[in-house]
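Here it is, the structure, as structure tokens.
Each chain carries a letter (A, B, C, D and E) given by its place in the written order, and its residues are counted from 1.
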Amino acid sequence: MNALRAAGGVLTIVGTGLPWATFVLNGGPYPAKATLEFFTEPFGVVGYRLHLLVFGVLAVVFALVAVPGRDRILRALGVGVVAVSVVNGLWIAVEGGGLGAVTMSEGDVAFGAPVALAGGILILAARAAGEPVPQWRWRLGPWWERLVLLGVFVLLLILVSALLTSGGQSGAANGYAGAVFLSFLAAAGAGIGALHASGLLSWVGELSERHRGFGVGVLLLCALALPLTDAGTEYWMTVAANIGVYAATAIGLNIVVGLAGLLDLGYVAFLGIGAFVAANLSGAAASGIGIELPFPLVMVISAVVAGIFGAIVGSPTLRVRGDYLAIVTLAFGEIFVRAAQNDIGGLTGGSNAIPGVPPLSMFGQGFDDQLVVGEVRLPPGVLYYVLIVLVVAGAMLVFANLKDSRLGRAWIAIREDEDAARAMGVRTGPIKILAFLAGAVLAGLAGACFAHKTATVSYESFRFIESVTLLAAVILGGMGTVPGAVLGASILFVLPEKLREFSDYRLLLFGIALILIMRFRPQGLVSDAHRRAELAPDAEPATVVLPVVTAKVAP
Amino acid sequence: GTNRSEGDAAGGSSCDTSKGTLVIGMIAPMSGGVSAFGLGMRNSADLAIDQANENCTVPGYRLVFQPEDDQSLPQIAAQAATKLASDPNVAAVVGTYNSSTAQSAAPILAQRSIVQVSPANTGPALTRGEKAATQPRRPFPTYFRVAANDLVQGPFGARYLVQEAGKKKIAVIDDGKTYGVGLVENFVKEAERLGARIVAREKVGEKDTDFSSTIAAIRSSRPDAVYYGGEYPAAGPLSRQLAEAGLDVPLMGGDGIADPQYIELGGRPGDFATNIGAPVESLSSARAFVDAYAAAGYPEPSSAYGPMTFDATNVIIGALAGLVRNSPFEESSRQRLVEAVQRTNLPGASGTVAFDEFGDTTNKVLTVSTVKDGEFEPLETGVFEQSN
Amino acid sequence: MSTLLSQTVNGLVLGSLIGLIALGYTMVYGIIQLINFAHGEVFMVGAYGGLAMSTYLLPGFVQQQWYFALPLLLVGGAVVSVAVAVAMERFAYRPLRDAPRLAPLITALGVSVALQEAVRVFYPGAISPLPFPRVFVEGAYVLPIGDGVPVRYTGALIIVVLVVLAVALQRFIDHSRLGRAMRAISQDRDTARLMGIDPDRVIVATFALGGVLAGVAGILYGADLGFVNIDIGFQTGIFAFTAAVLGGIGNIRGAVVGGLVVGLVKALGGQYLPGGTAYDYVWIFVVLIAVLVFRPQGFFGETERVRA
Amino acid sequence: MSFLEVSDLTVAYGAIQAVRGVSFVVGRGEIVSLIGSNGAGKTTILRTISGLLRPVSGGILLDGEPLHRLPAHEILARGVAHSPEGRRLFARMTVEENLRLGAYTRRDEPGIKSDLERIYALFPVLGERRGDKAGLFSGGEQQMLAIGRALMSRPQLLMLDEPSMGLSPIMTRKILETVRELRDSGTTVLLVEQNALAALSLSDFAYVIDLGRTTLSGTGAQLLADPRVRAAYLGDGVAS
Amino acid sequence: MPERPKDDLGPPLVHGEPILRAAGVSMRFGGLTALSEVSFALARAEIIGLIGPNGAGKTTLFNCLTGLYTPTSGSVTLRGLPLPQDPARVTERGVARTFQNIRLFPSMTAQENVLVGRHVRMKQGPLSSLLHGRAFRRSEAEAAGRAAELLEFVGLSRFSEELARNLPYGDQRRLEIARALATDPAVLLLDEPTAGMNAQETEATRQLVFAIRRLGISVVVIEHDTKFIFGLCDRVVVLVRGEVLVQGRPGEVRGDPRVVEAYLGTPPEQVGGGRRG
């Protein structure tokens, strides 16, 4: 059994030393020296081959040395090896015009991919029966623990930065960016999986629970430090700012769906309302109102207006439940789009949208301009990034505080069993409306940032598919969890950016990704302690199956 | 190839490319519902760039094409623009397709002085600011377009329909999108000025396919023509359904419907379309494009905006060629490229391309065609003069 | 008067098509409480299936005769739709049977996007709308009332098909053994298994039935309007979903009535309500919200409290 | 030779082991009871026998043939019927439809008809209200219907999970009498009951399950006399 | 469980004014009359048993007493004031209940379930929930303390962090009681609290109800376990077909021939025995 795994590891190592392509591809040599041979250049092992080498060595080590959680770790490593070999092998084969590219062609041989793949499969094939994830109970001194946390978060920052920039910026000059990114993603995923399997990740989680304030502060600092890494380009700042907008919105949606369990399929309308309000108050030439207010005030107004609409949209929850509510919210979303398209009240610019929303500017520093602090030249757009990181941090705080309060418990109780909640004295009506209101306020805030960042506010940005993506972000991240919505939004908005190269297939891949993610992680990436049990093999059927109408039988 | 050599694989051309590569970007919808246009645009630009590389048009450089998808969404377009803008090798950008996406991409490109030439945007505000008709003011010095804006095309159609075809009771329908609404608005103004009566104004949903209720709504006002602001995927079926509902009057539209697909999908003989530029038949450059496109064997058709995309790309290539003759291209050359584009005078597939002080095309040559024997047949070509 | 009548006819035709699709939504929802957003795509795929059949398979002379072509295409469209619906159930939804409730919803949306894009990318020419052969009597019969009220022959056919299929379906569900099994599974899957019912087979059968209806709707749609487009499924699907909910989701009669209401509101609302056709969608959704606020379970939804 | 043989059965919900190595046998034509406190794993055992749950390990033999690899609907076809805890009727269907679902795997319409009549004769109230929705019935009537439904498959082995829960004393007695009549007419019965007194006095043999294990076994009479059973399950020694 | 009374002394009869009073309550569902003209009064710290055949209308009466149903006719008064028609407000006024088929919040921990019960007695506005100020922390601490006490009281302290759905059945019933007690009720309505429990557990529940009564809370219990009911209640109300057939002390009711006929029947011990052994 373990011999088989060790053999798999060895095969993987051998694979990294073999050539990977019989061809030099049209776009130039495949990165990480796919054509390298071990004997000519032993230290040229970088990129995906380095990842494979590390996985292979680890697999051999863990096959021979028993450590807690070994089966799971090996499984993660095996999956990683398979994924990395498949991504690169497939890419070379497709680009190189067939299987010949990764096997034999015109007398040249390149068996790197098949050999590594076989290694991975061997590691997986020898999988033994599952064992529980080990739990570490180490306690260090409080300062040591903080130091560990700091180190972990800095590593996280580096990983995020590396992920974003992996493969370089795709484009005409770099035809392999997409493949390199996917390969890196697979490797990173497998690495994290292995760490999780070893129980270390949960241990770090406990550490951060113990030093909550410290952990949150460091995390925030790390997020703010992203512009100082390789990812600190204008492009990535723009992408990150957009992600931030959606993350803040998703956190709002998480209140409605994740906590209160009210399915909302038209949620992006609140983002739109916030954005239109801000656009109208930005002094943009096309705005219907044409006054300009200071941005902080605009944020407040956007949030308030969105909140009011949130309360309105939430009011049918007093009577309508379950999936019937989903369609009501969908209806509100469609009404919003249609009204905005028809330039309702002259406030949305109709089909012309409201273009030319001026960039933010504070203390004489335009948010679009390059920021120079002493010696450091920060990329343009970094201030938007900072603004949005703060907004997201604020949204997370709001979410966490509300969740941990009487209100949050009432929401969860409503999600679990509305009738019982009422019987326990929870006035469900106002509390459900409050969920919509709170969520909409967060979306409205995000909308104000969106208007200035994107410069054009068009009804086209707030369609059903956007609501769906937001909902997917919440569910994918893990319903009802604080980091879940942020993680989900990041994935759903970074992936399409990194996959730009496959532009024709982008939406297709997006759709398939949604299906696969739900297939393998239906409870979301970050699972809420409370909901973990929901995956019990024999979970009872959903409670709200029928529209159970509170029987107020008329006299 | 061999697995041992890791040399450069730049193959084929015998041109001197010693000074490196220059990137021409494109922002257009390449996935989703309107990808037909985006993909046609991509291929047409690709064709222009291939030709330039083959003919060594830009001495010392190899041109590379970098298309970016915007999904017709302003925020995605902004992201794509930022991505292109942050690459120092990017010389210029072709696109976008939608006016709304241009509105978010143009400021970003303008900030980096990157030339943007759109083959399809028709929203007047892009070149003339919010008060386009009364107090024009150019918002983006780097923005140009080869498409005539709505201030030109709508009135041009109105003149033909009212004066030449003699229609006096006209029903107008639009699809609620930037292009359609703008076109109809300007059509209506001119038609009413010329004494026609607009007897009904309706909208169809962007994704509607069964127009019978819209048609029933205008039927009772007995129009003698229908003007449609929108694109052929809806216009073709609309024309057919008009006839089926017993309202057998001609339908007219703008360049958005001047596509053979319009007829495939139900456009009837006698329908009209205005088109920018002179008819293909009368222009050898246009024919050359059509032939070259066919020869290149792209899987997707060039779409209504193919010729103009081809021209837009060639505008950039031409300006680049002039620019690098004297000095190598650097980031600082971008400003001079803007000036070079401004001075363009290019015999293109859609006619002679040159720009006015707003960045609008001076090519006010338009053609009215009608459907006859399963294709669009040019009726009249003319130059549009503003009449105020 | 003739306008009112024409709009009513238009509403009924559109509503019947929506109703046909709504039946599929309602059946799947009824049995596994899943809002199968991808059902609209099953309809779209059916239409493309029929188109492929007529483009690549049927010899020209067959197509000339509608009484050959129509039944053949209906079968062809239904087969394609059923295949897609069954595959969808098998590979996308079945693994999620016991997952948290919202996971399959996201899967459904993913399937919807993927199917639409797959057709766009892989069906030749599907990046733009494609003409669809007129496989039924073309044109319209004009009722001699006022200005004349045109009734398209295909439109009439759609209404008839809806009525026939809905009645047949209702009888099937009420009286057949499989129908009873479907209802049993919808109420309590585990207990149904204790009765000897294999839920996998019954659920697949439900998807297949929904697929048949969607495939038929796809062909009729193409024949009626003369073209198909990749996003017809999404738009019509949203309306159909609305219709299913309006009628009381899970209920056959409800889906039909809901479909007709949606169609009528769009046609008559666009004509007579403020805002005209620019706001016709808005009226549909306003009616939906209003109905649900006053009747939270839709027209025919079950109200009785189920005792434990 | 025993009819049902459960050996070393272990069943888990995720990480929770609800049944840990239970073994017991049921002879043909007997009433055998499982008694035990809440959460002992009785329901879990029945659900595993009928195929709703998969055992982690152990075997289930019916008439010498293994059951534990079969899906639920095939187990029913082997003659095992299960009236589940909480009755689990199809609330929105009529009495008759519920009964017919019990006979889902059968195709002999005349046989089904005559069995329906048999059930209606057994529980007249069901016959009177055969067209009514099951969900509106009172607890006792629902319980009769649940048993009737289980009988409609003509089982060789009938498993009843707490048939008396929520029933009035009269109803409880009526149902237990029916169980005995069934046994007398040849059906084997596996009974899970909280009402230990009633269950033990009815049973041919019984097992006490505690924390997922069998702790005691014996004939009904033996267990009724066992002081440990009396203390724990019959409420002896506590005032009343 | 603190201070379990050892005694089962004769129950105190009505002390003073009734706290909850139903007068002529009728409830019809369409053509079905589930309750007709039901009247009774509940005194402070009194335990009333509610028995009757299946479908007699017992649960329906509970629903009428908690604002879930609005009676078709008749009135319910709590401390002399008419009962509000919203379950949440009824709970605020001091009537709490458990459900015949357990309705816990399955994915919340035992402690959180109790905290939800505490909801009505906590004074946090949305703003203070958002800001987590000093007053907020004080009220959270108070609530947590109370929850811990109540879990201790029903004997579930060790399950405080366990998800409700993972608790054994009997403990779930007890948790429901703790959750109801967290609302500081004056009246507690228990719907079949011992269903599915064995004799030992039933006895524990009986002691628990006594302990609750000692807190000054009045209790109404529905139960089919007659031994439990007659050993627990001060008074028993027998409901048959929606009408009160008899009400009185356990001894009187148990002997009443109408009750025997309609509900009790012959004693269970007489059911026939097995064959083996």
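Everything that follows uses one rule, which is that contacts are C-beta pairs under 8 Å (C-beta built on N, C-alpha and C of every residue); 3 or more make two chains touch, one makes a residue touch a chain.
The structure presented is a predicted model; accordingly, all values stated were derived computationally and were not measured.
Mind having a look at which chain is the central one, using mean CA positions?
A
If I rank B-C and C-D by number of C-beta contact pairs, which comes first?
Answer to which pair has more contacts is B-C.
So the centre of each chain is just the mean of its C-alpha atoms; given that, what is the distance between chain B and chain E in Å?
Once rounded, the distance between the two centres reads 74 Å.
Roughly how far is chain A from chain D, centre to centre by C-alpha average, rounded to an integer in Å?
49
How far is the middle of chain D from the middle of chain E, if each middle is the mean of its Cα atoms, in Å?
30
Would you pick out the residues of chain C that each touch at least 2 other chains?
Counting only residues that touch two or more other chains, chain C contributes 117, 187-188, 190, 278, 281, 302, 306, 308.
In chain A, which residues are in touch with two or more of the other chains?
Only 342, 504-505, 507-508, 531, 533-535, 537-538, 551 qualify.
If a residue has to touch 2 or more other chains to count, which residues of chain E qualify?
Counting only residues that touch two or more other chains, chain E contributes 100-101, 166.
Along chain C, where are the residues that touch chain B in the complex?
2-3, 6-7, 10-11, 13-14, 17, 117, 120, 127-131, 138-140, 142, 147-148, 150, 152, 155, 221, 224-227, 229-232, 234-235, 266-267, 270-271, 276-278, 280-281
Quick one: which bits of chain D touch chain C in the complex? Just the residue numbers, please.
Touching chain C: residues 50-52, 71-74, 76-77, 81-82, 84, 86, 88-93, 97, 100-102, 104-105, 133, 135-137, 149, 153 of chain D.
Provide the residue numbers of chain B that touch chain A in the complex, in ascending order.
1-11, 21, 23, 30-32, 35, 39, 64-69, 71-75, 78-80, 82-87, 89, 99-100, 103-104, 107-108, 111, 123, 125, 129-131, 139, 176-178, 180-182, 203
Flag every residue of chain A that touches chain E in the complex, lowest number first.
The contact residues of chain A facing chain E are 398, 401-402, 404-410, 412-413, 416-417, 419-428, 434, 438, 530-531, 533-534, 540, 550-553, 555.
Considering the complex alone, what residue numbers of chain C touch chain A?
29, 33, 35, 92, 95-96, 98-107, 109-118, 121, 187-190, 238, 241-242, 245, 249, 275, 278-279, 281-282, 285-286, 288-289, 292-293, 296-298, 301-303, 305-306
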